[in-house]
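In what follows, chain A forms one complex with chain B and a second complex with chain C.
Moving on to the complex of A and B:
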C-alpha cells in the first residue's frame, strides 16, 4: 500500500500540471453525444427543436434534461419530423435566436430541402449529425448521409474525438455567425457518439470570452419593422445572391485556421482546417481520413515511419489551400490513399472527388479504399492491410475486405 | 495500453460498470480512458459485450477489443454461449463472477480470478435472483486486481449508479476485500497500462488468416430483400414479447347449447367439404335439418360479423347440410357394454341420449307414449315450419344406427327398474299451464291444439273468420296464431309484456306479423264470460323491476280493465312435464342424475330438466349420455363448464373483411294463407351456401389468410410441411405486427418465451 500511496502523490502532481495545461476546465468522462450536448449548452443556445433518431437521440435527450433542470435558458420543442425540426430552426434563427439541433441518416435526408433554404437564407445555425446510412437499412457508423449533403451550402466539420466535437461546436458558432453560414459538426456513430473518454470541459466564462452573444444583423424578424422573406428573385438579380454566398464560403478555410489558432491561445487546444501527421518530404504514402478512423490510423503509423496521415477536419468548403500547402513539400512519388467510410453511388468516394479537384494538375498517384461502411469495425489490421495492399498491388479503387 | 473486454447479459449493468471504471482510472489525471459497448440492438438477458482501454499514452485505437489483457465474465453461463476467451493475450487474465474456485477454470487463461459477485450483490439487495445487478461487485474486484484506490472507486460508484448508491459502494468494498491472495494484484496488467499499442494489428492479421469470416459476395442479393428469414441478422434474441398461433373460442360455437363446433362446420362447408361438415354437426347434433329450421340459432345471436355488417346465416348452412345427407352412409355400433339403458320419451333429448349411448356400446331402448317418435318436434311444431318428412328422415337415421324405439308404451320408472340398469327420463313438457282465472275451462290449451291439429287434422271448432284470442308470447302462441290464420281465422295475440321480452324466436314473430297476426302488448286476461261468443276482460300492464328471469315484471295498472269479444280463446302461457313416469309423484326434475326412490339410477334430460328449445334438449341429451357413461365407468363427471376464451368484436381486424350482405332465406309471401300449410321458409341453394359460409370471419382460428406472412418485416413466418403458417423464432424480433394485423385474433402476443 505504501507503494500505491507514493503513486498517488505523483498522480496529484501530474493532475496539477494537467489542470494548469487546461486552465478553467473540468476533466470529465463523456460520450461523444454528451460532449455535443455540453457544447451546445456552453454556447448558450436559445432554441432547440428536436426529433429523435438513433444514434443521435441522446444528444437531444441530454439537452432536454438540461433545459428541464434549468441549467440552460433555452426553448426545447419536440417536433413531428426532421423536416419540421429544420423548418423550426430556420424560423427561430430568422428571429435572431442561436439555434442548435442534432440528427442522423434518414433525418438529414428528410431535411434536405430545408438545408438548402437555411444555407441561402444565410442562417448561422449549428447542428450535429451522427452519421448512419440509408438503404440497405442500418443504424451504424457511416458518413454517406452528411457527405451526400455537401452541396447544400453548409460548412462541414468532421470530429475525431469527443473533445474535438465539443470544441468544434464552439468554433462552429463563431464561424457561422461571422459569415452567416450554417455549420454541421459530424461525429461517427457509436465509435464516437457512445464512447466514454476523457474530455476537458471549458468553464462557460471562457467560452463567453471567445464567443460573444449573438449580434443582431438587422435582417431578423422584427414585429415593429415587418419584412417579407423568401420572395421571388428576378433573373437579373439572382446571381448577386450567389456571388455574395460565394464570397463568404471562400472565407471559411482561412477563418477556420485563424480561429483555430485563437481558440488554441485561449483554451490550450489548437485546431486547423487539416492536420498533417508524420508528413515529410520523403513520405511514401499519405492516408487521407475523416473522424474516428483517424485515431486508429495514428496508432498504426507508429509502425510505419514511411507513411503519413492527412486528417480533414474541415471538409466543406474543401480546404484546398491547406491541403496543397502540406503536399507542396512532399515528393511527387508519394502515394495518396483516401479512406472512404461513405458510398455515394459512384466509382470513387467523396474524399477522392474532393482530393482530385484540389490536386488537379499535380502528378500524385491517388487511390481510393472503401472500408467501415454500415458501421463495420475498422481495427488497426484494416489500416495495415490498406498500407500493404497499396504499396504492393495498387488499384484505383479497392474494397479492402473483399479480395 | 490495457485492454479489457467484458461479457454480460443486458441488464446486469456492465456498460455502466465500464464507464465507471473509466472514470475511476481517469480520476488521477494520469490515464487516458475509453469505454464503449459493442453496439447492437440488445435487450434484457441477451449476451452483450463492452470494451475498456486504459493507457498512460493517448489511446490510438477506436476499434473493438479483439486481444484483451483482461476478460470480465459477468455471468459464467455465458461460457457455453459466447466465445468469451477469444483472442486473450498471452499472460492475460479472466475474472469470473462465480461461487466456484479459480482452479475449476484452469487452462482458460494464464491467471484466473473468481468472485461471487451475484451472492455479494443479492446480499446487498441489488437486482433480482433472475437478473442480479453485479456491476459494483465486479468493479470492486477489478480495483483490487489493478491496485487502484478503493475509496476513490467507492465515491465514483456512489455518484454514478442510477440507484442504491450505498449498497453498491458496499458491494464493491466486499468484493475488493474478498479477492485475497498475494498475487491478487496483477503486475502484467498494470505494466500494460504503461506501455503503448503493442502490435495489435499483427495479431489481428494473423486472426484473419485463420478465420473465414468474409461473406462471399455471391451469397448476397443485389437488392436488400429476403423472402426467407434474413440469415445476415438473427433478430430472435431481440424479442421480449412473443407471438404464438392460438385457437381461441368462437362465440357461435360456445353459444350452441348442443355443443356443435359451428366454426368448423361452416369452414368445411366453405371448402365444399359437405360430408365432413355434416359429420362435425352430427357429432353433437343428430337433428341438423330440424335445427336448421326451428332452432333460435343461438350461434347467430353473438356472431361477431354483426359488428361489421350482418351476422352469418348459419341456420341455413346447417339445414342445407342436413337435407342433403338423409341418404348418406352411417356407422353402426356393436354392443360392448353390459349395462342396459332405458330412455323414456322419444323427443330430441331422449333420442340424442339414446344415440350417444348406442355409440358408446350400451344396449339402449327408447319408450314413447305416443304412436310416433319426435316429441315436441312432432306434435308441437306446425307443418309450415317443420315438414313431417324432414323429421322422419332424421329419426330414421337414428334408428338405422341401432337405437330401438318402442312406440305407444307409456311407462313408469318402476316398470323398468327390473329390466334396466339406468333410466333416463326425458318426457318433455307437454301439459299446458293454466292461467288461474275463473271459468278457464272454456279456454283451449295451445299445445294440445297444435298437437291435435297436426297429428289428427282436428281444427277443434275453429271456423273460417273466427276471431281467436291467444294468450302468451312464446313460440306456441305464435305457432297457434299462424295455424289459426291458415284455418281462415283472425288471430290476436295478447301478451303481458312488450315485444322485447317475448320469448318467441324473433324472426317467427316477424313472419307472423307479416302474415297478418295481430299482437297486443302489455295486457293480460283477468276474466272470461261466456255468452253467444266469449267476452275476455283484459287489464293493461306496465313494466316494473326485473324478475328472476332478468325480464321486467309486468304490473297491472289499476282501473285499466277493458273487454274484447272473441269466438275462441287459446292459452299458450307455458308447459310442464307429465308426472306419470314418476307415478304421479311430484319430482323436481334437473339435468342429470336425480334422487328417486328406485332400484336403478335415474337421470333427467330435455325440456323437463332445462331449456325449452330443440337444441337445448339435444345438448341435454349429449350431456346425460356422458354422465350415464361416467356413472357406469366410475369416472368423475362435472356439470361445470370450462372457462372459455371467446373472441369479441374488439379483437377482430374488420378492415380485412369485405362487407357483404347476409344471404337471406326466401320467405313464402301470400295475400292469404288460408289452407296453405307449405313450409314458409325456403332453403338456400348450394352456390348461396358457399357464398354465405365464406362470409365466416373465422374468429380465433387461423384460416391461412397470410397477413402475418405478408407483413412480417423479418420474413420470420414460413409455411410448414403441413401447409400451416408458423413462426421462426430465431428471427422473430417480437414486433407484434403479425398479431396486430391478424384479422381473426388467432395470434397471441404476450410476455413469455416460447419453448420449442
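Moving on to the complex of A and C:
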C-alpha cells in the first residue's frame, strides 16, 4: 500500500516537473497523425485540400472534423486525387493562403509533377507525408516515397517522435515562409502515425508568438496589380530562377539550427538539423538514422559505449556542414553504417548517397544496411545484428534481416 | 471622324501582339472574353496554344492576372485560387480557366469533372480546335471522325467519334454550359455575359479555328466556323442544369461535306471510295441534332 502510494507520488512529481518544463502546453496522448493535425490547426492554416490514402487518412479526417466543429477557420475541400490536391494547394498558396495537406506513398508519387511546380513557384506549403512504398501493394512503414522525391526542391524533415512531428510543422512553416520554399514533414507509417504517445501540445498563443500570421510578399495574386505566373521562360532568363533557388536552399541548414534554438528558448524543446548521440573521438561505429528507428537505436546504444548515433532530422537539403562538424572529431578508423528503410532501385540507399557526397575525400569506411522495408519491424535485436555484422562485413551493402 | 460605338468591344482588355498563328481563334476569343470579364479576372491556363499566345516571360497579353499551370490540373489550380480569393473576401473576382481540347477532354478530364461536381465557382472556357495543335497536330479525343493528324496520318485516319464532352459536363448538373462560335459573335458574347453572371461551375465550348491544324487558309477561319454551325456539325446550344436550349436553327440545309471540303485535314474524304465515311459523318451529325431536339423538347418542363 505504502509502496503504491510512493509510486503515485513519484508519478505526480514527474508530471509536475514536466509541466514546469513545458510551460503553456497541454499534455495529450495522441497518435502521430493526430499530432500532425493538431500542428496544422495550431499554425492557423487556412486551406486544406484533401484526398484519402492509408496511412495518412486520419490526418485529413481529423482536420475535417476540426473545421466542421469550428475549431479552426479553414476551408477543407475533398479533391479528386492527390494530383488535384497539390494543384489546389498551389493555387491557394499563389493567392497568399497558408496551406496544409497530407499524403502517403502512391499519393506522393502521383503528385510528383506538382511537387516540382510548387517548389519552383517558390510556395511555402507545408505537408505531412506518412511514408509507405509502392507496388506490390504495401501500406506499411517505408521511406522510399519521400526519399524518391528528394530532388523536387522540397525541404524534408524526418520526425523521430509525434512530438517532433508537431514541432516540425511549426518550425516548417517558419522556414517555408522565411525562404519561400515548400517543406515536407515525414513520419513513419503505423509505428508513428497510428501509435499513441505523450505529446505536449503548445498553447496557440505561444505558437502565434513564434509564427505570426503569414505576411504578404507582394508576389501573391492581386487583381488590382495583375501579374503573369509561370509563363514560358526564355533560356536567357531561366537560370536566374535556379540561382535564386540555389541561394535560398543553401540557407536552410543554418536557418534550421538557428530557429531550432529559438524554438527551444520559447517552447523548451531545442532542435537542430542533425543530432549526435554518444559520438566521441574514439567511437568505433556510427549508425546513421532517420525517424523512429533512431529511438530504437538509442536504446541499444546503452549496451554499446563504442557505438554512436547520428540522427538526420533535416534530410533535404542535406545538412553537410552539420555532419562534417560532428565527424571532424572522430577517428578515421570509425565505421559509418547507414540504416536504409528505403529502396530506390539502386545499389545503395538514399542515406548512403548523401553521406558519400557529404564525406567525399574523407577516409571513413562506410556501410549501407537495408532493413525494415515495407514496414518490417526493426527491433533492438536487428540493431544489435547490424552492429555485430557490419564490424566485419565483407560487403559494403548488406540486407541484414534477409538470409 | 468619331469612332463608331457599334464596335462590340468597348474596353480592350488585351495588349497588342498576341503570338497566335494567323486565323487562330484564340486571339479573337480572348479579346472578346476579356472585354466582358474585365481586368479583375484571374485566368488559369494549362499547357495549350494559349500558353504561348499569352506571351513568354515577362510578357502578358492580358491586362488581367494569368497563372500558367500544369496540363492536368487547371480546374484544381483554379479551385485553390478561388478558395483563397473567397477567404480574402474577393468573391466578385472571376476565376476563368482557358484550356484547349487536350487539356479538357483528355489529360485534364478528371480535374474538370472534380471541379464541376464540387460546384466550384469557376468559368471554364475550352477552345476546341480538335487536336493537340500546340505540339503540332496530334490526335485528341476531341479530334473529329475522319480527320488526319500527325498521329493519324495518311490513310490511317481517325476512325472513332469525338468524346461528347458537352453531354458529359451536362450530366454533372452544372448551372450553365454552352457551345459558342466565333462566326456568331453576338451569340458568343451573350453566352459569356450569361456565364459571367451565373454562380457556380460554368463551361463554354468554343469551336476553335486553326489554319495550320485544319489545313485551311487563315482568311477562311470564320467561314469554316460558320459552315460548322450551318451544317450542324457544331450546333449552338445552352444547358442549364439538365435543360437544353438550341440557340440557332439553320434555315437552309448545308451538308457536312460543305464544311469538311474546305479543310485540308479531310481532303482524303473527297477522293474515290470515301463516300461511305462522309455518309457516316452526315448520319452521326443528324443523329446528334435529333437528340439535341429531343433533349430540348423535354427541357424546362420540370422545375430544377
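Everything that follows uses one rule, which is that the second predicted complex is superposed on the first by the 388 of 403 C-alpha atoms of A that agree within 3 Å, B and C clash if a C-alpha of one lies under 4 Å from a C-alpha of the other, contacts with A are read in each partner's own complex, and residues count from 1 in each chain.
Keep this in mind: a residue touches a chain if its C-beta (ideal position, glycine included) is under 8 Å from a C-beta of that chain, and two chains touch if they have at least 3 such contacts.
Just so it is clear, the model here is predicted, and its values are computed rather than measured.
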- Message: Looking at A:229 after the superposition, I want to know if it touches chain B, chain C, both of them or none. Which is it: first, second, both, neither?
- Response: second
- Task: Figure out whether A:389 sits in contact with chain B (first) or chain C (second), or with both, or with neither.
- Result: neither
- Message: With both complexes superposed on chain A, which partner does A:365 reach: first (chain B), second (chain C), both or neither?
- Response: neither
- Task: Please work out whether A:80 is in contact with chain B alone, chain C alone, both, or neither, and reply first, second, both or neither.
- Result: second
- First, second, both or neither for A:88, with chain B first and chain C second: second
- Task: Using the superposition on A, tell me which residues of chain A are in contact with chain B and, in the other complex, with chain C.
- Result: none
- Residue set of chain C touching chain A in the complex reads 39-42, 44, 51-52, 54-60, 62-70, 72-73, 75-88, 90, 93, 110-111, 113-114, 117-118
- What part of chain A is in contact with chain B in the complex they form? 4, 8, 10-12, 14-15, 18-19, 27, 29, 31, 55, 135-137, 139-140, 189-192, 194-198, 292-293, 295-296, 298-300, 302-303, 375, 377-381, 383-385, 401-403
- Write out the stretch or stretches of chain B touching chain A in their complex. 18-19, 22-23, 26, 28-30, 32-37, 39, 41, 59-64, 66, 147, 149, 196-197, 199-202, 204-205, 207-208, 214, 217, 224
- Note which residues of chain A are touching chain C in the complex, please. 46-47, 49, 75, 77-81, 83-85, 87-97, 99, 113-114, 117, 221-224, 226-234, 237
